[in-house]
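Listed next: structures, encoded as structure tokens.
Two complexes are shown next, each including chain A; its partner changes from chain B in the first to chain C in the second.
For the complex of A and B:
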């Protein structure tokens, strides 16, 4: 009976451990898989022609001839969109028409003044000119279609007039004809609404295709190109096809958000077909191709990180990490060696140990502030160096942060070296120092490397210590260790908090996070392989 | 205290090179297993005169007076905690690693007091080699293990090192097993018995006069034990061997003289056949026959 109970408990315990391990793996996967999936979209995605343009402009990649041919092809489709919008806008925008009428009037007056005609004719023509203009303007201003049509009719009365044939004034009649057509299609009352809507459509088209050909190049990089990625282009297509409106369903109740076809807003107008046209030819506007943008890891980003890669961030993170490793590993090992081999068990040593343990639990932001106050504002100026944020200050701060971890693990590693090794070495006549260097240290190396791996992972991902001491959001690749740098961890933070660009280009932020994780994984894998190699050598296998 | 010791050993190392040349083991370099009859330079190489050793206030070795002859294998037997290991380890001052220890009386090695403050610890330990209970080769290659001692003495020439390594391994009867590829292999890959013989070779490579063995076979199987015992038989021609053992048969087989320790005191010390066949003290007889301990 008892043994059966014991075996039940045994199984229960084994089951629990399996469960816990499985849960840990599941949690890890739940966290990591989305990061990897979304981060990978920064590297593998469908690029559009806008992306190829960007790559050519920024990095001189791709063949300009091919690109130009492609652009020509794409612009055929795009120009149709532009034209339709332009036409519609012209028809709807009565204020512009109003001004146009005035312009024609003045142009015609100038023409009359130049023309060699009798004074009386000049004067009468001028009066007629003014009349036509006023009629036309009345038509544009009229709220009622019938009234407008009447005014247009009075304009058209003059269309047969010989005085206007072959002059600028002919445009009056074109305008009148056009407007008559517009009146057939749209409700004059909703003109203003149409105007607002078409402006929105224009904005979305700008986001899709970039600035209109012939327009001046915008100064901000992110407005220079349209949708560079197919997923972004699709997002814009959705915005183009559908519109969100707040509708009052019941009086007195809160407004409700409804999604409607944008095309329905333009029902009955000539713009209505545009939406079908765009939806059907959408791929032709962009010519998307699947791409593997490995240059993401070496490219600089545009200001604001809207486009481009994380090259400088990777370099900065590597520099910070390796620099702090160079400082922390020897320091940690020497401290641990002192604590294990030399220090006895007295008050001072106990206080030192307590200090190390406390240091391990201090929040990293405190280290950041300490690093700024001590290295940047006190030590460096005292040594005649600049007190700007720099890689040196950042990596020193990071090394202090991770020193306790390093000391503790090195201590354990040195302690775990069998006494027999040390005895054997001493019995052969070696000094204690020599014994430590030639026997204890090599035997403790795998354990020390474990500590180094732990510190390395922590250092690479830390943001707070470099916040004040080393990191900048934007800037060139550092040329010396006395310059500040960009870093992956800080970049991720900045994208989310600084200008909130992460909301617009989530793939950029996920790409950065993915890069950071991959970098840490790679560095870890490297150290683990090294450790395994050393361990194997020690074990003689 | 550790600091001063370190300085002493450091300074001692510089002089080692010359010392190694002048040591009387030099004539053995050509052939490790010296064919000269051991009796030729038979003298008292280690002498204890009223020697006591304390851990704090506890006396682990009490008032021991004995002579160890250079031509003999001396076995030390006794129940656990009787101070035999402590006595052995105080001969090359390995007990110094333990805090709060001190010695009283005299323990002489070749006429000089081992516990003299001015003694060169490095030189002493090179002259008095030690083999431990558990095989403890360094996690390095076989070659590096054996060459560790000579390298400490400042020997860098690979050919000379190779000669010493070969000679030491031959002396430890391990050469045939590792001579080809085995030298570069890690010592950890060897079997327990091989590891122990490697440790013996490593101790021999510093050309000691005395070899202290602290229960060298207690972690080994009977076959490996037999090999080590054969080895002791061979080595006693060239080295003074002091062996601590729990195994009475082993003491009877390998030693010429046996010392029986009990509760830190030396009870009886005589030729091995006499001790085992005709012990003078009742306590010894009880221990040997298994009625006590």
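For the complex of A and C:
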């Protein structure tokens, strides 16, 4: 019995450890899969005609003739949308109608003045003109349909009048007829509501297609184009077809979200059909095509990172990491060489080792503080340089951060060189220094390189040390190392929490973090391959 | 043998120089090598110099703060109002914030880490090990800002929707991610020390009829306990010094959760306070110096933890060295 219990425990425990490892694998997948899946959509996606236009405007990519032909084709379908909205808006927008009636009145007066007619006729016509206008305005202003119809009838009484045939005044009657049609469809009381609704529809259409043809170009880059991606276009379509409202179901309870068809708001009006039309022809508005946007990695982004890529961020990260490597690799290798080759086990070496361990344990944000207090506020001003955040300050800070990693890996590499190599060299009469330079160092080089790549990958992902010393969220590509720079790591942070516009473009957020992780993992993979290679070589002997 | 010796003499005679020269015979060479060594030593001590510079410059910016503000208030008051008219710098809430996430992260990471280390050292085959090791290395390689990104944009909405928390950016979220980040450190240090427990001990235990479970818990873990403690301390350092994840995922509310066990509330840690506030301060102001004071506190805490870890690592080396 006891033996059985013990074996059950044993099995259970083994199962537990397997479970734990399976959990770790699961966690890794849970973290990486959404980032890779959603990040990939920044690079591989269905582009719309808006995207092609953007690419042509910004980067001169694509063929203008082809683009123009395509635009013409697309605009055929779009213009119907614009026209329907325009018509409807004209019908419900009484303020505009009011102004229009006034305009006709003034035009007709001008016409009368220039016309060759008797003076009395001129005066009476003028008075009638004014009457018609006032009747029309009364019709537009009337809250009650019957009253409005009456006023319209009074207007129409003049339509047979010979004095108005073939003049501008005919437009009065067109306007009156049009408004009568509107009256049959729309409840006058809800006109204002319709106006608000149709303005919302117009806004969504603007987000779908960009600014209307003929409208001034908006100053904000992100309003200059419609939906550049098919997934964003789909999101706009959903906003177009459905309305979300927060309704209070019970007093005192939190509001509940209800979704309704937007078309129902326009039931019985001429705009009702528009929704079917848009839904059925949606692809024709955009002409979506699957694209591989590899330029994501070299393109600059527009303000707020709404469009474009991560080119400057990649350049910034590479500058920061490579510059820090220039400092840390020699320092690390020399330190490791001294610790392995020259030093015994004395007090000085113990202090140095403790220093390295302490350095490895300092929190990364404290490195940021130190970089600011020492390089930016003490050393650079003392040397007559600027005390602003800069690539130089950031990379020096990063190089101190990664020094322990570099020393330890170089030490391992130097230690792993077989003793026989050194002894052979020494026995041939080479000095210790010569032995190290010509025998030990070349043999340890692949290992040192592995360590350097590993520290490179660590530096590339660090954010806290460059927060105050080198990074900016937005800004031009730096021209010298005394300027601050954008970086992938800081950009990832900024897009995740700092930037509200970024929330509108999740593919840009995930694209940035995907680029960072890919860079770091590629460097790691490289170092693993190198290590395996060295391992094989050492085993082969 | 004799011919070789003869050859050497001939060679020496040929160049007319002895093979090995004493210091007095070759003064220049001697001085050269001494100077070279000194130069190497100077370069090598750059890491020690860096540590000293870090301590000096961070404290230099912080010291004027303590001249104006009492250390006792700094450490025991929870009123952190650096931007008020009447500035107050009670750091207890943010210190407790760091302690909260660190302890909670360790509560998750330590059992998993030890089990994972045992799995690698005693249970699995060589082949599966070759598969699990890269997984752990990958977990260690992912940058902390990417973890923070995941925490705020994927995990936080999930927590909010599925568990009905007021906010997904809370202590639980941050601790969970921190535990994942501390795992690789804990596992690799623990595994090293468990693997270093010799074969003899294992075989003796199995020979006495103990099961694997009993062997691991009664023999191997007690024998490797120093290394395990060192691993836990190193994991703790990783968690307490981590900035980006806690800044992004903890919600940044300067408060001690009440009731004290409620991890679904937002908190703020020391690192997040430095990272978040520094952008808003004027250089040389009280607020600016207070952040350096928090930095000094962090530095001291990690330094002490580091001493602990080193003590346990040396002890582990000694103990396991004896058992072999």
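Just so we're on the same page, the second predicted complex is superposed on the first by the 413 of 541 C-alpha atoms of A that agree within 3 Å, B and C clash if a C-alpha of one lies under 4 Å from a C-alpha of the other, contacts with A are read in each partner's own complex, and residues count from 1 in each chain.
Note that in this section contacts are C-beta pairs under 8 Å (C-beta built on N, C-alpha and C of every residue); 3 or more make two chains touch, one makes a residue touch a chain.
Nothing here was measured: the structure is a model prediction, and the numbers come from that model.
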item: First, second, both or neither for A:344, with chain B first and chain C second; value: first
item: Contacts of A:460 with chain B and chain C, given as first, second, both or neither; value: second
item: Touching partner for A:175 - first (chain B), second (chain C), both, neither; value: neither
item: A:142 touches, of chain B and chain C: first, second, both or neither?; value: neither
item: Touched partner set for A:429, first chain B, second chain C, both or neither; value: both
item: Residue contacts with chain A in the superposition, chain B compared against chain C; value: C
item: Contacts of A:16 with chain B and chain C, given as first, second, both or neither; value: second
item: Overlap of chain C and chain B interfaces on chain A (superposed complexes); value: 342, 429, 431-433
item: Chain B - residues contacting chain A, complex; value: 2, 5-6, 9-10, 13, 16, 92, 94, 97, 99, 121-126, 129-130, 132, 134, 136-140, 148-149, 152-153, 185-190, 199, 202-203, 206
item: Interfacial residue positions of chain C with respect to chain A in the complex; value: 19, 33, 36-37, 40-41, 43-48, 50-51, 53-54, 57-58, 60-61, 112, 115-116, 118-119, 123-124, 132, 134-139, 141-150, 152-154, 180, 183, 211-214, 216, 237, 240-244, 248, 271, 274-275, 278-279, 283, 291-292, 295, 298-299, 302-303, 305-306, 309-310
item: Touch list for chain A against partner chain C, complex; value: 6-7, 9-10, 12-14, 16-18, 20-21, 23-25, 27-28, 31-32, 34-35, 331, 334-335, 337-339, 342-343, 348, 351-352, 354-359, 361-370, 372-374, 377-378, 400, 403-404, 407, 429, 431-433, 457, 460-464, 467-468, 489-490, 492-493, 496-497, 506, 509, 513, 516-517, 520-521, 524, 528
item: Touch list for chain A against partner chain B, complex; value: 342, 344, 418, 420-434, 438-439, 442-443, 537-541
